[in-house]
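See the structures that follow.
Same chain, two partners: chain A is paired with chain B first, then with chain C.
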Partner chain A sequence: MYIAHHQVPAGDTAQPKVWLENVSKQYGSVTALQPSDLKVRSGEFLTILGPSGSGKSTVLNLIAGMTNPTAGRVWIDGRDCTNVPPSKRGLGMVFQNYALMPHMSVFENVAFPLRVRRVTEAEIKRRVGEALELVRLPSVAGRKPAELSGGQQQRISIARCLVYNPAIILMDEPLGALDKKLREEMQLELKRLHVELKVTALYVTHDQEEALTMSDRIVLFNGGRIEQAGTPHELYFRPRTLFSAKFLGDSNVLSGKLQGRAQDGLVETPVGLLRSSNGNEHVGDGASVHLMVRPENVLLLPPDNKHEYANGLEAMVVDTISFGGVIKTFARLSDGSTMTVQELTRARRQAFDRGARVRLAWQAEDMLLLPAA
Partner chain B sequence: MYFILPLLIYMAAVFLLPLLFVLFTSVVSETSGQLTLEFFERFFTHGLYLRVLKTTLEISLIGTALTLLIAYPIAYYLAKQTPKRRSYLTLLILLPFYTSILVKAFAFMVVLGYNGVVNDAIRLVLGEDFVLPLLFNRFGVMIGVVHDMVPFMVFPIVINLLAQNSSIHKAAEIMGATRTRIFWSIIFPLSLPAVAAGSLLVIIRLMGQFVTPALLGGRTDIMMSNLISFHIKDALDWNMAAAVSIVLLLLSCLILLALTRVRGAQLFGEQPRHG
Partner chain C sequence: MDKERDVEALGGSAPSPLVATAAWLGFVYLLLPSLIIIPMSFGDTREIVFPPATYTLDLYREYFTNPTWTGSTIQSIRIAVIATLAGLALGTSAAYGIVRGSFRGKVLLGALLLSPFFVPAVVKALGFYIYFAALGIQGTTLSVVLGHTLFVTPYVMIVMMAALRNVDAQIEAAGMIMGASRIYVFRKVTLPMLRNALIAAGLFAFLMSFDEMIIAFFLSGFGTATLPVKMYESIVHEVSPVLSAISALLTFLALVICLAVTALSGRSGRQPSH
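Entry: the complex of A and B
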């Protein structure tokens, strides 16, 4: 099993807000979550990322108390909450479908957790006002949720969490029901609230872009276990497995066999010898490996170009597609496989026609060595 | 819209025309042939009619309230079950629903009568002198009509409870609300439209109850319907029968109007419709 062991600044010695201590979850004979250890540090924005069925919802439900772990313990704020019901865990949660009470006004929705806590009426008035101010919707208190747009409803449900200062705010794909533009706006809004209020947030999503935009740290799940944990930068630039490399961002993957020692990073592939300057502790000498390079790190050069890059391959342009800001070129290698090159759009960019012979080049440090399955 | 024409003709022939005939009979005397309100006057001045009107309203209102009290917990329980278990349990509710009202009334006589199962059991435990009057009184009527009406109340409420967004309940739980609080401040208020719909179905049906009160009730448990029957079959006074019918019809319409009002306006304020 693979357990997160990222480099951690001094902060890790502090008590984690949430600690899943070797928890696992079985549903009958189905393993939803293999024994996993996960800490959410105080004040961080942690994203649980993964495809559907990867166990990320199970993690959320275990923290919220909607299910009990088969083994292991759940700690919240240093308290063993393994057998504590959801209502006694002091958490906040934002749902994809907002989960606002349709028969209550916006004010009553936000006031609900305070009324449960028997806060005085004057105090409720003040705190609800503050919370609505925070999500920039101070004027809708008297309205019913159905009178608001999706984005506004989600802001209200965030205000409903902020108003009672829960230990941690859990967010279950909260932007999944919004359209693209609004989603990007809300990402920045959530990030702003997190920075301003220093709340601890656990965000669950299958959207890698969302994870890269907002998180302090990402924990990538695959098949009921933690595939890799780290900062967005680490996950994007130093994926440790093929799955991580493919899940975050676009990638070109080649397969081959290590020549000589692993640390030399010399790999024999069907298209020629390639060089990587990145070692991988999970790869032994002479092993079969995958090689990965991001499309934006590959250069498109004329075939006769004498470049100084460690890696260079002959190829033929198959297609070029413009995405506005970027242009993607698909080129066929000598073994028939296709490689993607991504460049920023420039008016005077050298264009290659379909069928043109080109040279693809990239540096050894942009080539990652990944264990083969 | 021509394809509903046959239906319109049919309904006009078997529903509208007879209704107009009843209306006509209630205001035109059979003996003198004159237009008159004397039958309505008789209705609203004679103690007998007013007493029956009061009985009808009492049985309808109390019956509806009791049905709600019994049906809501059943609906709540059903909504909590797995779909498979729910369909079995639903069958248990539908079985009496499909049984003839006469058969049920006679079954209650066997169970509740002087020599019925319940009283036999009581005698066995407390001695020969103890007997509870369970039949031929208001209690018997209530047992009969509530048993009859429960399915009409259960189904709208079950459908509402199942359709409620469960993440709202989950959200409330995570916010710290107890089960009692979640029920009274979320689940129950959100089910009120279904409660209103069920109550409407039940109260309108109870207003026209006829067989059950006649079989299980006492001398004083006479409903408007029984009165209509009496005037047609025994007194041969068609004018009076028509007048009573019209009063009953108007009363039902009034309740229908009131309850639909409550359903629409009240519970949620004006809710804009999306899409």
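Entry: the complex of A and C
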């Protein structure tokens, strides 16, 4: 998995493109969004990630102006837009089902926001041409949307946003309707456009891989509130909660009780004493905790191996599955629970048969301490 | 909706011979009274008999040259065109408000707007008669136009509500986010996408007003009678054989409009090409 490494373009001091100031949303007695504070920095690619019903679509609708917040204020480009209708917010939006006008040609679709703005005919011609050039579809201007493939239609809807330089481009699961290969292509395409044009983008998805690949920052939502916000690197390697750890990437989770002081990271578990060198400010001395280690950080060793790793557990191989580039081994621990080990495929890799006794080992720095519940 | 999906919805297999026979029998039963008119319309001008003794075009000649018939036909067309346009404007606006709006009492208002549909024509006609008499416009062309507008509007509404539900609201939302006002989006996005439905609803409304007898009978006066009213009067007084020629023409008009509407609704799922 590729995890984006980017310098966040502007610090917290610069004026945010979008600021949801303590915004919340109630639908009758149902809370769609608990009071949340969220800033989109100028020029960044921010992803709102979460399962369905986590509040991510509510955030998008609040920014777009499709719904009004129950409390709080919505700022766009330093302007209080809480009560401004969608058409006056200066936004762009890319929809999952493209939302192209079926009765208009591709050219007229892309020209639509310019015609609304009463741009001259010559200028429209030039800018539509440029926008189609940007999404690498300069030759389809005369066609109807229905004559294009899904991926091409989505490129047109992106061109339709780029053509009028909106303050921010909102993207609502834009790749959700495309097949896997096309989705991966489009991820890189979107990333390229973002880097080239330095537009501010807010991307909504439930797909953690998409989020990790494209984002400068990810805001993870769960149950109508922000679970954790940070760079893809932070969310992947330093999840603060069990939910974050499980939502992004694969994870092995064990439960136990802290021994001694929290900062020592010694945890008594049903399978033995484990050690983590990562503290967690939300965990107190003697607390019940979860421990998490990524499958790719666990080594598969012969049972008699004298290793130097802080953590080592006896286990029995249950199954081995090859995914081409990687191999996953599932091993049963002494308490009956299963751990997953992920290794890169190598021809000379030591193979273990089903039922073989092995030793699982990993470093204290790869073991994360997470608060229980 | 396309043909393949229609077939799928019916279970994907062709109907059995028994079902097909039943369908054809039903069709013939419905159509026979209309079809019997056609040979009779080519009879002569003396009396209505079946089968006609001789075949001529006299009845058609009579219809197209007698000012009583041509005058009332023009009157019917005029009323139907105005009532159709007014009904389209009212019915489409109402359908848009009911389908796209979100306000209290929306369901109730929708039911209220559709209610003329459920009221018997005689009751409507009597209501109009009393009301327009009080206003002093009973017997004028205007009163028939108003009556027919109210008569066709619920039908337009039903067609347009169904069509609007098939228009993706996100496309309209996209237009507004790009800076267009709701009215701009309605004119440039929604209406063009409703084109086929508008034509179908318009043809329907025209035919309904053109054929309508009861309301027109109550509301029109001596100089403002429509074709169906003149036909009715003719039956009561003399049973003119010309009626069979007019009936044949009306059946033909209805057939053409029904085919046009069917063709249009068969394409409503696809984009209109222009």
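FYI, the second predicted complex is superposed on the first by the 363 of 373 C-alpha atoms of A that agree within 3 Å, B and C clash if a C-alpha of one lies under 4 Å from a C-alpha of the other, contacts with A are read in each partner's own complex, and residues count from 1 in each chain.
Following the convention adopted for this analysis, contacts are C-beta pairs under 8 Å (C-beta built on N, C-alpha and C of every residue); 3 or more make two chains touch, one makes a residue touch a chain.
This is a predicted model, so every value here is computed, not measured.
Student: Following superposition onto chain A, is the placement of chain B relative to chain C best described as a clash or a fit?
Tutor: After superposition on chain A, chain B vs chain C: clash.
Student: Who does A:I168 touch here: chain B (first), chain C (second), both, or neither?
Tutor: In the superposition, A:I168 contacts neither chain B nor chain C.
Student: In the superposed arrangement, which partner chain does A:A229 touch: chain B (first), chain C (second), both, or neither?
Tutor: In the superposed model, A:A229 contacts neither chain B nor chain C.
Student: Tell me which partner A:P113 touches in the superposition: chain B (first), chain C (second), both or neither.
Tutor: both
Student: Between chain B (first) and chain C (second), which does A:P102 come into contact with in this model arrangement: first, second, both, or neither?
Tutor: both
Student: Pick one for A:R160: touches chain B only (first), chain C only (second), both, or neither.
Tutor: So A:R160 meets both chain B and chain C here.
Student: Looking at A:L370 after the superposition, I want to know if it touches chain B, chain C, both of them or none. Which is it: first, second, both, neither?
Tutor: neither
Student: Give me the intersection of chain A's contacts with chain B and its contacts with chain C, in residue numbers.
Tutor: 64, 66, 85-93, 95, 97, 99-103, 112-113, 116-117, 144, 146, 157, 160, 164, 170
Student: Under the definition above, what is the set of chain C residues touching chain A in their complex?
Tutor: The touching residues are 168, 170-171, 173-182, 184, 188-189, 192-193, 195, 270-274.
Student: Show me the residue ranges of chain A that touch chain C in the complex, using the header's touch definition.
Tutor: 64-66, 85-93, 95, 97, 99-104, 112-113, 116-117, 144, 146, 157, 160, 164, 170
Student: Using the touch definition from the top, list the residues of chain A that touch chain B in their complex.
Tutor: 64, 66, 85-93, 95, 97, 99-103, 112-113, 116-117, 144, 146-147, 157, 160, 164, 170
Student: What part of chain B is in contact with chain A in the complex they form?
Tutor: 165, 167-168, 170-178, 181, 185-186, 189-190, 267-269, 271-272, 274
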